[in-house]
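Okay, here's the structure, questions in a sec.
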């Protein structure tokens, strides 16, 4: 079968590899669409902490597929949790599977979905209803990261929200925070071309310059730069909450003004990845028809055109949401 | 009557001033003991943000007194909330009186307790039972700041706690966190002479050097320096919480390592002052006999010896907890 | 001025009474629309606990009006909190103004709004924006009761909700619970004629018979009969929550099956009235345009036709939401 | 090996049975002490819902043992979670293992610990430190039930607590609630002989008659009779919480006064069994030295004297806490 394999810094190619074998308790899934994200570029370039990657690696951790029983690809449409929790450490038994003591994840430690087949433990497989688009399905992974982060901040109807960042994660945050009926959602973006996507996400105000206000009840940082984190930290109202989602790179820091945090009674929450419960929550919301993320997929390439897809990912121009590889169906 | 008045940077003296008059709804109280804290030094030196001080000012915001009805000082022993909430802003009606939109506080905006008499709105007056020592009473104010901060972090029995700082606030944090039966409490101190007080606060481990561990469920920063905040931020376990209580000075910052906060799923909470509910909670705990803070008062001076008291406060030597001025009784 | 006064059981009449005087800190307001509710009937009939009513009484506790400055009625449109909290008891300072130790409420203890003028403390007055309909405004009071109850149950997007009861409170619950994007909302009604209103409230399923399912994450009881409470208690999923809002009458009970509650790990919450914070939350949601309750007002009568209005309230026929008296504008 | 086997209603005997075999991922454990509880009597008498029991059954779900590696019984002292969660249902992945969709439990569905050997999945095995007594260890199971229930009610230091019931669960509740430093703990007991045990649990007031007060912030019902539940429901302060732990028998109900619950703003929580996290929490508290439950074991019988043990359990006289069978060591 085909697989997009990384063998070392800059060494990435579409290769012919052996098909995976499904162990007892596992199932084979045919990926239909695979989303690419900045972390994939970091894996390819070797910029990621090597503790989190096992080379050679088939990349692809955002995907939708169909269960491949017997010889046919005619099975149910599914999404598969990327994090493989051990299910017996303290974190797992408490439901905090994102903090599992043993790190294992598709597309990082084990073979990902930019390939014709993936073997996946059955307990990680979630079915999608007919009414859910493939585009929504391919976004379950990043949507789960965002849902877990936003839930953690205990949102309330009527709150004022600021999203820092106009990329896929920021746009997902703007979309998901709507589930709690905020009074208004402002996005602090970096590229004017993203305005149309921000509007599609029902953002009330799209700005490229930080306002002089600090009155946000909830601030979600989704850009992952030191400056963006600084803007996020400067924006909450007294008693407000800042959720940090973006990764800025190993060792990158932002000055934390101690007295401002104390005097403003502000909470800053890092939020790492997603729990199994958040993943199930996103699937449930999609299946119930309360959530549709399709608008966020703006670029599609066949697997064979992976070089172009990565190029589009690395050098954004025009309105750009999620870039996906289409594989089968 | 006598009053310790600040008239400008460095201009502090015990003066003879007019007695306050109790408006309807207010009561006159005779201070018996007044605690001094670092903020008092900042007020005297003019280092504090002028927005928070109205000169000339009678200092003293930590105190216990007796209700002064008619001519006698024979009344009930009371403590008086220092923050005077407006009671109609959004913060006040939600119970977040520490974030009242109108700042008003004894010893900052209105005359404090380093004097022979104070006029106080009745709704701020709390009675102490006979079993509560004056020393516990004089510590209700800083204890309320700490209780509110610790409660906010949702402590749980069995947690591992680190207190950064060995001053009064740190020692109060070590004492109050015991109310939730932690598995162990470690204090990262600055002065070896504080070990005995740390032991009196039932600290399990007193250290002067940061350990190489990061396994704390709850970290309370109570030293208020950039380095101490850095040590606090480096210490929580994954999913843990850091509460920042110490003020480091206007504009002082600590580098926040963004990816560490995100990947470790850590929450950092600033906590400002105390709510009326936290104050009532401390009084209730003292009155119930579940809490005793007497051990923390280590230095006592008559009001007339205020210069020595301030000197002791400014240049610590030996074991030093709270420095108090004794006024009447 | 005119006022609808209750002087004893069954003794209600539109009378000419003296105009109220606004004390310092109070303001005169001209009611424009007054909602009637079942409690008003209980006051009139003398069925209510006398501890909660002071006769003679001008009724009317759900209303919108305009500030009456000088001689004109040309002022701002406002709603006025009905509960008058003391602001110094333990409950009030914690933000639990619904549990104020001193009970005082417009239309129960002090003169209500079925009159040409009301004197109201300024701290209870909330301004409505131009975009909010009078009909939404007149429903702020019951909506605050419902918002406080629903928030207390910590709703989450994707939950399955059952509303027991198809009256105004049930319809408000169906409307407000939408703020948290539930997967589906089912209403267990009593009268088929309410189906159209249920649909206007975006209810997914309107039923007249209890289903054989118990899978609801959140159940809101808004009918206030023993049978309805029984249906509510039988409906939650394991780990689910039942919120009781409806009053069934003094001494009325429902059998609580102890083992079912324990084995199902279910929480049952009574929720009394509203907090000042919930009231402000409803006003904020209306002003932000995220909430519109206009569809719920189905019957309007001039104040002079109060007998017909009460009759419509007491003997429902056809689709019936809120019955209001119109007074001025 | 020996095992105490129930084969049908009233059919219980110490039998010689085959030793269990440890599957991969499991371990053999030699029980040292087994606690008996009311549910064991219900299993023996056939009064329990048959859905929760699979006969023939080795009873025993509260126990401490030693890992039986090779031929020796010289291994580590351990306690084994009784509930065997599936680890992939929605409840399990959220950490709510007490609500696992597949019910499986030692001493109910699979062979329990009143025997010479038990085979147990390794992920359920928890080690006890040297400092923990066997008596504390044998109580981990009921203590986990109580800890989970009490934590759920979000206790706070300074609260007033009422425990209804003076049996093991009530005494455990009195002990565990101390971890949150309540202002006072009152026990409403049934038998005067339990007073000494109540005092050993640091209960402040032991009463046999319900007081005329209703001022409790937290009420824990641990007696499991209709009358006891009624007493519990009548006792909370406004805004307080009642936790129901006791099982009253299938179909047994208590009248719930609807208006009292609503007007008092009270929460009633059923709490079923324990989560894996609560179990780990009890073990952690015991291992840290912050908790000691030894005083609660009042009666010990060798396994061979099981008839006497059951008799003591069924017909209490004198001070009686936990009745245990001692097996090996």
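Going by the order they are written in, the chains are A, B, C and D; count residues from 1 in each one.
Note that in this section a contact is a pair of C-beta atoms (placed from the backbone, for glycine too) under 8 Å apart; a residue touches a chain by one contact, two chains touch by 3 or more.
For clarity, every value in this text was computed on a predicted model and none was experimentally measured.
> Report which interface contains more C-beta contacts, comparing B-C against B-D.
So, comparing the two chain pairs, more contacts are at B-D.
> So which of A-D, C-D or A-C is the twin of A-B, meaning more than half of its contact pairs are the same residue numbers?
C-D
> What is the distance in Å between the mean C-alpha positions of subunit B and subunit C?
43
> Averaging only over C-alpha atoms, locate the centres of subunit B and subunit D and give their separation in whole Å.
42
> Going through subunit A residue by residue, note those that touch at least 2 other chains and give them in order.
Expected reply: 96.
> Within their complex, state which residues of subunit C touch subunit D.
91, 96, 98-99, 224, 226, 229, 233, 238-239, 244-272
> List the residues on subunit B that touch subunit C in their complex, please.
It is residues 87-88, 90, 93-97, 123, 275-277, 280 of subunit B that touch subunit C.
> Using the touch definition up top, name the residues of subunit D that touch subunit B in the complex.
Of all residues in subunit D, those touching subunit B are 151, 156-158, 178-184, 281, 284-285, 288, 290-291.
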